[in-house]
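Look at the two complexes coming up: chain A is in both, with chain B in one and chain C in the other.
Up next, the complex of A and B:
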């Protein structure tokens, strides 16, 4: 089953060469660059060469790396809070039907409220610094972790639990040795989703907090984007930020997949 | 059989409460059965006749609604490692290797209490040897064939040292050839060549009549809706059972007799009439 779609017809696996993957993006960049050459030399419009030189300048000055580190730090810290809260509550809710049923309306009531929607309250309570950004990231990452942990624990094959009871395992050991490992794939999936939304939330939060603080000292890559947008109208720098945000998100996801494989070598 | 029975079921019933889709159902009614120590008892019956429910109640996984289930004269109140269960789809822990699965009960359950880690490891190795899984110790269940998974489940069951083996269609998921081979294997591992007093008491659920006759000392035929004992048939075939036995006249008589007992219900279950009251069609060539 796992090879379905990979092996077609003559049994040769279908592989896509690197040039096939890169051809279209490179062509698009080329067209973009050629188009930019037709513009006046003092144009504000972003184009590939200018984006690249801006990226190098921002990196050399240390502005981009420090903003990136600040955002990353907030994401990781917020993710860890959410991991503790989401998994902790998720395990309790997954294992206890009554608790699950009674907390479900509250959880489902909050879940559709976008992280950005709690920003006004976060700013009023925590100001425009790290705590506000952190609370939004935690809020955003909490739900995927909670929902997937609850789903994982409550959907463990009951036969495995029954098998464990016939081997004389007490309840707490069944939790530790059956429910937790069996729900790990679901929890890790939740963590991956949570990391994704945490990263999108931090950029949006920093943009908004940056706007509120008037481009002050709130920091992070989102605030940096706000400054380039509101003060210098530097579209090239904004594109640099966009690309960096995208690339970092992709790298984080790659790391998660590698962890996933290490953590669960038993998955087909 | 002068000893007290190993297992005694008296007037056991199981009712399931009404659900939104169905009214209350009686899965098993007034089921009585004595199983002697070292006896291999097969339970056959049409699908849904409550065979597995009976097994689960002996395992202590389901509580009986009425009647009593005793082991060695003590009432069974819940699951315990003295009664090992082998489930139809094996219920192996997918995140554990073959050796970890076999050692699961020893490591985390009551069967391993008082054993040193070295003794546990030795026990796991012994059972890997017994079921012939050498070389696959580090594999995960998804990397094994159905027959190998079945062996892992059997080794796990035996490694826990239960007094009673409860086998719920353990060969049901295998192809026909593998089944025949594993029936012989199962009897070898069970200890067919040992004296009766050294064998484990076993209850084996199956819907395959030939399998039941080939394996059992006795075959309990169940009827369904509700599940009751319809017949209790002594299988007087010599042990150890040989492959050639399947061709013998006595084997044929026993399987025929059981088939006659459940034929009508089996036909009804698939929605057709019994051939006895369906007019036969003449076939012209």
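Up next, the complex of A and C:
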């Protein structure tokens, strides 16, 4: 099981033996399966073996991969919008104290508003299709990107900037050669957080758009979960979707961590 | 694991330093006269900046609404304000706020009573951690939102669904921060007190708990932030009351001013809760002035 490696990969001492890692998850699975055996044979309750066969069936029919691709496409598109907006505004705010002081209260005012609270507005503006889901993802991903970019740019060692100025570098080159590289760790961190919340937000958006519009219009893995809930009442398929959502979230996290190590090998 | 905490939290870091901290108050410099003419004290100037920003924001909103000309898509600020006043007069405003807040408080209490004991146990015993941690790391990537359909089956529409989802999302930041808080306690403090013959129980009460409290409080604020985001989603899909329900309800009735009013309220209540937690943080861990690390 590759999860063993994943669970250990957090820079923790690798003294944990494999069986220790596997013990509790396997035990949980076993209890779950045994519990399911005590129910009647036509039970709707999900259990591990049925989940596995459902997963295989859904993958073979192509439903799961296509829904997954649709959701991933939306997340990546929304993330790119948020990257442009968040980093763009973040650089301006990081470099300009006045702008930062003025915009900060507004940003702070919007932050406690959950992405899902924007959903009704998104539906009013864009209907129930992809643009609504996209706008929610963008909104969700915007804040971590913005805040971390501002943090990165405004915490660059001022001595570096002064040194560069003394050596006669023009402003845009200071931006490109000093500020951006120095703030990179913070920006990449923001990107990782943003991608995490974006993935959560897309599931929520698709689920809710499905739940509130009768389904069938938005697609994606969240929508798929809703269809399994409301129409075909297939709990095993819902659990499959949950696991897939979790695995994707984990992979996204791993990928960004790998990028972080690549871009910034000087950091531990 | 400390990493997870720092990362999640870094969303909050920069803005807390007090935006005007660089413009040092002239009063503490001794050279009062030349600096005084810059006028008002820092907090007043700060309020001025906030007011100016929001005035501009509302003006922009108004212009956009006028340009758009469709009050269902984008109501103007005045009608939203009126809707809020109406809702407050009906008592509906308070009702939904109280319902959502109560759910949050209940869910956080449950999450705390589950995560803190487990977190302390895991922090103190590497052995326990090596068993439990894999399970936690398997469950953690599955967002609370993804549990909603399954939870709808188990609990149905009602109070239990949002509470379950919130307990789930609040559990992980609390647990991880408690573990890393306990881990970060200086070994020497424990060794010293053990050497002086302090009982294990007293070491836990007098050394480990106070020393890990700052990290636990950070986890608590994170847990609230996740819970507050989750309650909106959970109520929107699976509850007959609460703020999340209200925004979607009025959206279906196409009463946009009320939708916008409730959204603003979600922001406001979330902000107030977080301010309270921050005050609590300062009160409980006054030595931890950074309040953010």
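Definition applied: the second predicted complex is superposed on the first by the 252 of 268 C-alpha atoms of A that agree within 3 Å, B and C clash if a C-alpha of one lies under 4 Å from a C-alpha of the other, contacts with A are read in each partner's own complex, and residues count from 1 in each chain.
Convention: a contact is a pair of C-beta atoms (placed from the backbone, for glycine too) under 8 Å apart; a residue touches a chain by one contact, two chains touch by 3 or more.
None of these values were measured; they are calculated from a predicted model.
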Partner chain(s) touched by A:160 [first = chain B, second = chain C, both, neither]: first
Touching partner for A:181 - first (chain B), second (chain C), both, neither: first
Which of chain B and chain C A:173 touches, first, second, both or neither: first
Broader residue contact with chain A after superposition on the shared chain, chain B or chain C: C
Touched partner set for A:62, first chain B, second chain C, both or neither: neither
First (chain B), second (chain C), both or neither touched by A:192: second
Chain B versus chain C as contact partner of A:264, first or second or both or neither: first
Residue numbers on chain B that touch chain A, as the complex places them: 59-61, 79-81, 83-85, 87, 89, 91, 93-97, 104-105, 108-111, 140-142, 160
Residues on chain A engaged by chain B in the complex (per definition of touch): 157, 159-160, 162-169, 173, 177-178, 181-182, 184, 264-268
Touching residues on chain A, where the partner in the complex is chain C: 3-4, 6-7, 10-12, 15-17, 20-25, 28, 46, 97, 100-121, 123-125, 143-144, 147-148, 150-151, 154-155, 186, 189-190, 192-193, 199-200, 203-204, 207-208, 211-212, 222, 225-226, 228-229, 235, 238-239, 241-243, 245-247, 249-250, 253
Chain C residues touching chain A - in the complex, by the definition given at the top: 1, 3-4, 7-8, 10-15, 19-20, 22, 49-50, 52-54, 56-57, 72-73, 130-135, 137-139, 141-143, 145-150, 152-153, 225, 228-230, 232-233, 236-237, 243-244, 247-248, 250-252, 254, 256, 259-260, 263, 266-271, 274
